[in-house]
Amino acid sequence: MKRSISPDYAIEIIPDGARIMIGGFMGVGTPERLIDALVASGTGNLTVIANDTALPGKGIGKLITAGSVRKVITSHIGLNPETQRLMNAGKLEVDLVPQGTLVECIRSAGVGLGAVVTKTGLGTAVAEGKQILELEGQLYLIELPIHADFALIAARQADYVGNLEYALTAQNFNPIMALAAETVIAEPDHIVPVGMIPPDAVRTPAALVDHLIERAK
Amino acid sequence: MDAKDRIAQRVAQEIVPGSLVNLGIGLPSLVASYVATDQGVYFQSENGVIGLGSRPPEGMEDPDLTDAGGGFVTAVPGAAAIDSAMSFGLIRGGHIDLTVLGALQVDSAGHLANWMIPGMLTPGMGGAMDLATGAKRVIAALQHQTRGQSKIVNRCDLPITSTRQVDLIVTDLAVFDYCDAGLRLIELMPEIGLDEVGSKTQASFVVAL
Amino acid sequence: MKRSISPDYAIEIIPDGARIMIGGFMGVGTPERLIDALVASGTGNLTVIANDTALPGKGIGKLITAGSVRKVITSHIGLNPETQRLMNAGKLEVDLVPQGTLVECIRSAGVGLGAVVTKTGLGTAVAEGKQILELEGQLYLIELPIHADFALIAARQADYVGNLEYALTAQNFNPIMALAAETVIAEPDHIVPVGMIPPDAVRTPAALVDHLIERAK
Amino acid sequence: MDAKDRIAQRVAQEIVPGSLVNLGIGLPSLVASYVATDQGVYFQSENGVIGLGSRPPEGMEDPDLTDAGGGFVTAVPGAAAIDSAMSFGLIRGGHIDLTVLGALQVDSAGHLANWMIPGMLTPGMGGAMDLATGAKRVIAALQHQTRGQSKIVNRCDLPITSTRQVDLIVTDLAVFDYCDAGLRLIELMPEIGLDEVGSKTQASFVVAL
């Protein structure tokens, strides 16, 4: 059984300059309370790995606006003009990665593979400076695994030991990121007794989760 | 019916009953409303749902059920929720029968550019590179011109999205595909003449109407 | 909506010499009725891709005993002495692959990746004749994707359109194989109306399933 | 208590409360019965369950809930069912705290051989190569000798399972680990003398009792 902790307490373990994965897709399925606590803590110089930077005032958008982020590794920033403004002003480094490559690089880090071998990005700006591999007469791009110090993930429901269940499109990157960070902090909407999430419904096994965030006050 | 809707309606005719289709955000998302609901067509949204439905009833929107733009959607009976690794596994693995993508430019080689305008706008590629590379069939759906400039060009000067050739281009003026001789005009949109297409297209093309 | 078909009818589409993936782990979560029909059909010269060859008289073991299989790509044959006997007699080619590599090679074929880049097998007999890749100072083995013509999979439950749900350890290779074959034939224990498998419970989306086997008589 | 049970009991002492443990089939599977059930230890079985429990009640066995050998098992409250890709993702990704593997031989370099005897027996590696390579900690659990031959050897002559060095060896005679000087005897099993271990071990080792 895990003890649940407050968002503020969880965020204390994250130092300036940390490399953080944050679940969510345009702010859907994103751990808003952890993000609020992170903004409030003043922790800065972060590298954020996420599908997108959401919108101003929502999810990761709050961290961008607060200036907490030095670098973002992401697939899409089109709905957050603030991200583009900071990038153009040289205040935010943006590393754009195709979405399927991004999720697979995170997965490969989590499941102990050395690289992702993909056709996506071949012959485009994404391939610049990267190794090309020829296999059976076909060319592929070698993309390296993406690890993080912390993963902040959102879930619909956890049980007391930390098994997680997700809902609909709020799932997105969350279960993959739970594999790829040193420390995984999960913010569930609900925490239920052991046995209420049947084994077949678990999408992230408890063994991957280090900390559970307590219920919203 | 405005230009975008005319394009969407024409693209919808390409959708085969029983197929799995991904529609890009923006113009392509309009295509869904022109596909009959009894055709067994499933729409995949790369944020993690197969069986995307129309808008939810007012007051019944679920914040955990959205499309790739973050807008509220419904799901049809028989829908499946998947994580991003599975979602892009389906896309890259050739399990999506058709994707319809918007474009800033498409060129004579069938290359699509739709993720950045250097120095001006950088939305990022999102899922477009995987879709353009991995889907079984790729349709570029776009307005023929922007500010008087042809978006059908000999060679993209914007960064391309994939080296994989698109299969079909649908604009408000015409429909093109590719043959051994390159870009080929195969259809004029209603009330559009060949001369107009010729004068408004930068790319060379052959005609097979 | 799909039509359900009989095992015999399904097996008719499989020609001699076909390359077939079969789900199951020591005969658990394996499509027994399809295997029985395949044995009865007399179809031969098959290449079977599966975690193991089960036991004599169970699951894939029946195909081995019947002599239907020319080659098996698998991780374990230790519980089927018949497989070892045929192998030693030169009547069955056995390609042994580490279990994690096997499932990941199947997945890579299914999700459009060009290779699996792994440390498993490095410096062992498994690495013989294979390409080694150095990335960031680490050595990895390059393992190629494994495709099949057909995947015969077992599921706890399907709905009328073909979404699949699995149970406990009967899941194993089934959802991964459903990604990697030209034609996927699913043998569910139960077939229920659309809507009875909620979207979050689906493990194999209907779009991957070509044929559903009708209920047992 | 026979030799195998003594080995299993000793291995059980290495299991840290709250850890995730994979036990190989055969001898290693005996370890579970020596681990207290209130220690928050979860057993993973590579066929797809985390939270493997003891034998089910007679008549209540479920054919869909088995261990990696195909035997009926139970699952503890808080168990999770996973597919083989996730199962080996956890193994190869370093999420398994400890694996206990049987062995035909272990050598001075810490290499384990446990998947074939050329010309005699070829069970195959199953999950052993991934486990030996990817788990955070690897314990080889084996009888010290077989038919009077030492299984702790200077160099495996059987095909090895991984080039990764095992962390600990537990036999019915002794416990070894590895230090800069190589194989190191760190513990004698009850009623076993140093001379006996010396005479029954082919590999050279240093002693640090």
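Going by the order they are written in, the chains are A, B, C and D; count residues from 1 in each one.
Quick note on the criterion: a contact is a pair of C-beta atoms (placed from the backbone, for glycine too) under 8 Å apart; a residue touches a chain by one contact, two chains touch by 3 or more.
This one's a predicted model, so the numbers in the text were calculated from it and none came from an experiment.
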{"item": "Steps in the shortest chain-to-chain touch route ending at chain D and beginning at chain B", "value": "2"}
{"item": "Centre-to-centre distance between chain B and chain A (centres being mean Cα positions), rounded to whole Å", "value": "28"}
{"item": "Inter-chain centre distance, chain B versus chain C - centres from mean C-alpha coordinates, in Å", "value": "35"}
{"item": "Chain centre separation (chain A, chain C; CA means) in Å", "value": "32"}
{"item": "Sites on chain B at which at least two other chains make contact", "value": "49, 75, 81-82, 85, 88, 91-92, 134"}
{"item": "Multi-partner residues of chain C (at least 2 other chains)", "value": "104, 107, 111-113, 118-119, 166-168, 171, 199-200"}
{"item": "Interchain contacts, given as pairs of chains that touch", "value": "A-B, A-C, A-D, B-C, C-D"}
{"item": "Residues of chain B defined as touching chain C within the complex", "value": "20, 40, 42, 44, 49-51, 75, 77-82, 85, 88-95, 134"}
{"item": "In the complex, chain A residues that touch chain C", "value": "104, 108, 111-119, 133, 135-136, 138, 140, 142, 144, 165-168, 171, 199-201"}
{"item": "Residues of chain B that touch chain A when the two form their complex", "value": "45-49, 62-70, 75, 81-85, 87-88, 91-92, 115, 121-130, 133-134, 159-164"}
{"item": "Residues on chain A engaged by chain D in the complex (per definition of touch)", "value": "1, 107, 109-113, 159-161, 163, 179, 194-195, 199-200, 202, 205-208"}
{"item": "Sites on chain A touched by chain B in the complex", "value": "25-29, 51-52, 54-55, 74-79, 84, 87, 94, 96, 98-101, 103-104, 107, 118-126, 156, 166-176, 203"}
